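Several structures are given next for inspection.
Consider the two complexes below, in which subunit A is the common component and subunit B and subunit C are the respective partners.
And now, the complex of A and B:
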């Protein structure tokens, strides 16, 4: 019995995970797919030719989203690492309050916060700007980085830094040559998380960026309303690619030897 | 050229808890001095202050008369080896050893040659391309030492570098450290809790207890002339008798000990167990006791005797250690002979 069940379960699992993707892939190359048909009658690359039109909304959305997500990824990783290190390695006054405040955005709905800060954003001219969107995207990303990096730094032995110092290395050299290489897995995973969260953020972008900042999710939503499923399929595929590329380069830090970073263990 | 160290009235408090209570210590250039003490006595804190990793609450550290207080760790002419080897895991052994050279402003051109020479010196030739995880504990610690020596320090600080190693390796490594010290002639501070280790390799020992420097002396002096009860006990003296000096004798509750001239003042008498002899005959310098029990300690035998007078209710235990044991019976009356030249009056009771 076991012999039959295992592949059966595995098959079901794989199917349930990949079926939605499969239908998107088919939709993206279908030229009409009506109800009783199992597969489309005809195929075309119409969706992709629109998606990859250099002057089209999608390509521009990809560029905008990439720039924003890269900047958010870097800033969130820097800020979150500093905070994570402080939480993991130092004792200071009001540490508990600080920890709570840093992690609060994970608990409090971002929407509620954004409604409030929107007024401030308008006041300081950040509304409808890329700068404003980047700032808003830090709200949901920094807490994740703090969580990952406080775990990373909790496993980091500070004596290594002291060892570097007593060998005559300046603080900067110690950071560059000793600390950074040792916490690199945590940094890579942090950047991946921040990038992906920013990349797929919709509500915050909508509220802060309005119609002016057109990230890919904004473009995608506009297409969804238009009900051209071929185009939506192609745009969705485009939407999935950058995070997958990034995952390809950071995945070695998610599993395996250094998997303690995320606690996922080796898969 | 190496550097003399002067530690002047160093005090250190962690919040309100005093860890070092005014330490004064002078280490002449080129010497190897051990800072010895049980855990929590402040010896590591003192070393970290000398290194600049910790700031003293008050007091100063001088290298060759030059005050170091405002000089940061990386600018001090020191190198330090910790209890753990702390080899940087992202570098090869060779890169680890070369760390200080690469971190300096003007890296020399012949780094690889220097690394190879240094690895040769620590008896790990050809290890440059290996990774830290592939080495044994002793090898890692030798790499750590090589890495420290590579920065060409004037002062070498060793913070219990051997305590993570197993017993045989410790003996080998301490001799190795002594060898290295002698060939480089660099001023070395060696923190340890192991008195045997300290006795074996030090020019002088600074013995600390509860944040106080109890005695700073030559190794053999801690055995022959301990200055306080704590020192005597730490260095294994098992017979410390209370009493008082009366002319040329030290009076105790169970008898008198004849002192030599120039004995110190105090109310405690330290008599090392190995300086006493058990016999059935009375002699000029002996007192009466009963055998209570005995125990083998390695190749020697330790005999517990009771020297108290029958009239006294207080028991006075005397321990005699010798390399052979005549067949004394339990409760047998014996005479314990002492050597007046081996008696020592302790000045401080603490």
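And now, the complex of A and C:
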């Protein structure tokens, strides 16, 4: 009984991870799929030909989303890892207050604060712009980076940097040749999280970007309001490919002996 | 102190460092902190404060309207039937999602950690849906569990249910089953990653020692493993609760127009044509933030006492 239980439970887990994708995939290649049919009668690539139409909403959405998520990912990773290092390795005035400021956005919904700041965004011309959307996306992304990187720097042995300096390397060289390679896994995971959060964000983009900034989630929501499930399926597939590609390059750092997500465990 | 840092995992507000023997004070730290401080102060704290001010009636967007300062918006929010129904639904969804995702994730992580074969494959599968956007997760749940979804087709085919209307309504339902399923699907792997990371830490050596000394798995679980991964579970549950309480996308796709979660109601009020609803939306946003903050604080206090025992 006990011997069977674990494989059964884990098998069920694996099954439920993949099962929801089945309907998405089938819908994306179905040429209509009436109710009682277990499988569509006919298949078509209509969904994907619309999805990959260079002038179509999806391709334009992919471009807009990629630009925004890349910029957000880079900014969040750079400024957040600096803050993570500060928290893990130094004492400074108002450190407690700063940590609170970093943790609070992980808990308070982004929608609540963005509704509040919207009035200033309108006043300073940031509403309905890509710049405004990038700023809004920093709210949920930066705290994740700070947490991940403070975990990374907590296990960082400072003496390596000191040795480099003693041996006459400039601060920049030490940073490039010693610090960066050592924290690279943390940086990779930070970028993954920041990129994926920005890439997936819908409500902040809608609030700040309005109809002017059409990221991929906006396009997918528009399809969801319609009734063309083939388009919904194809757009969903396109939507999840880039995050999965990113995961491919960072997965070995997600759970490992020197895991980078342990920082999140210290929230 | 240093010794304790190595054995005890980190807890809220205390990111401890192994290399922290007398943390160095440096003038340059300000440059490390400043960009993040600046961004979060203006955007996050600023948004929060401006939200409160607007909920109190400042910065009225209605042209020619005399600014009426007061708590009227808060009274409006609590008297609003949609808001009240939303609060009940939101609490139900957030509590059930957090509770079940924690239990399931804990069970799966412990099982994965004890599995020798397929362990790396199982971890890879767990990681697989971390980067899947919530919108896609909700879409997948919708297409799978709706009355014309794939499960309904299967049960209809095998004669378990009769037609699409014979299948129970578990998406866009008043209880929130669909929303909860979508959160579980996303949050169980997220928590698994946190727990598995903690399980791979120094606890393996402790566990090995206890095993050598003849402790049973049950005993090690209670006395060694669980206490060690407890802080990670705690942080995870806080993030999951806060997220499932305040998220918009999932309840929008898998919920009903009424009752809907607080976030959906707040956004509807905010974008309502009648601009008089804006302060009410701000009041609701403020209430949500404060409630989540207080709950997390209370939860931390409670569990910290529990952890000390």
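Going forward, the second predicted complex is superposed on the first by the 246 of 267 C-alpha atoms of A that agree within 3 Å, B and C clash if a C-alpha of one lies under 4 Å from a C-alpha of the other, contacts with A are read in each partner's own complex, and residues count from 1 in each chain.
Just so we're on the same page, contacts are C-beta pairs under 8 Å (C-beta built on N, C-alpha and C of every residue); 3 or more make two chains touch, one makes a residue touch a chain.
What you see is a predicted model, and the numbers here were worked out from it, not measured in a lab.
> For the combined arrangement obtained by superposing on subunit A, do subunit B and subunit C clash, or do they fit?
With subunit A as the common anchor, subunit B and subunit C both fit in the superposed model.
> Would you check which partner chain A:156 touches, where first means subunit B only, second means subunit C only, and both and neither mean what they say?
The answer is second: A:156 touches subunit C but not subunit B.
> Is A:169 in contact with subunit B, with subunit C, with both, or with neither (first, second, both, neither)?
In the superposition, A:169 contacts subunit B only.
> Return first, second, both or neither, reflecting whether A:37 touches subunit B, subunit C, both chains, or no partner chain.
A:37 contacts subunit C only, not subunit B.
> Consider the C-alpha centres of subunit B and subunit C from the C-alpha centre of subunit A, and write down the angle between them to the nearest 10 degrees.
90
> In this superposition, which partner touches a larger number of subunit A residues, subunit B or subunit C?
Subunit A has more residues touched by C than by the other partner.
> Should A:80 be classified as contacting the first partner (subunit B), the second (subunit C), both, or neither?
In the superposition, A:80 contacts subunit C only.
> Please indicate which partner A:112 is in contact with in the superposed arrangement: first for subunit B, second for subunit C, both, or neither.
second
> Please give the nearest C-alpha separation between subunit B and subunit C in the three-chain superposition, to the whole Å.
Here the least C-alpha separation of subunit B and subunit C stands at 10 Å.
> What is the shared patch of subunit A, the residues that subunit B and subunit C both contact?
Of subunit A, residues 157, 159 contact subunit B in one complex and subunit C in the other.
> Flag every residue of subunit A that touches subunit C in the complex, lowest number first.
The touching residues are 6, 9-10, 13-14, 16-24, 26-27, 35-38, 78-80, 82-83, 85-92, 96, 98-117, 119-120, 135-136, 138-139, 142-143, 146, 150-151, 153-159, 192, 196, 199-200, 202-203, 207, 217, 220-221, 224, 229, 232-233, 236, 239-240, 243-244, 246-247, 251, 254-257, 259, 261-267.
> Note which residues of subunit C are touching subunit A in the complex, please.
Of all residues in subunit C, those touching subunit A are 9-20, 23-26, 29-33, 35-37, 39-41, 43-52, 54, 59, 61, 107-108, 111-112, 114-115, 122-137, 139-141, 143-144, 148-150, 152-154, 156-157, 163-164, 185, 188-189, 193-194, 196-198, 200-201, 231-232, 235-236, 238-239, 242, 245-249, 253, 263, 266-267, 270, 281-282, 285-286, 288-289, 292-293, 296.
> Give every residue of subunit B touching subunit A within the complex, in rising order.
51, 53, 73-75, 78-80, 82, 84, 86, 88-90, 99-100, 102-104, 147-148, 151, 157
> Which of the residues in subunit A come into contact with subunit B in the complex?
Where subunit A meets subunit B, its residues are 157, 159-160, 162-171, 173, 177-178, 181-182.
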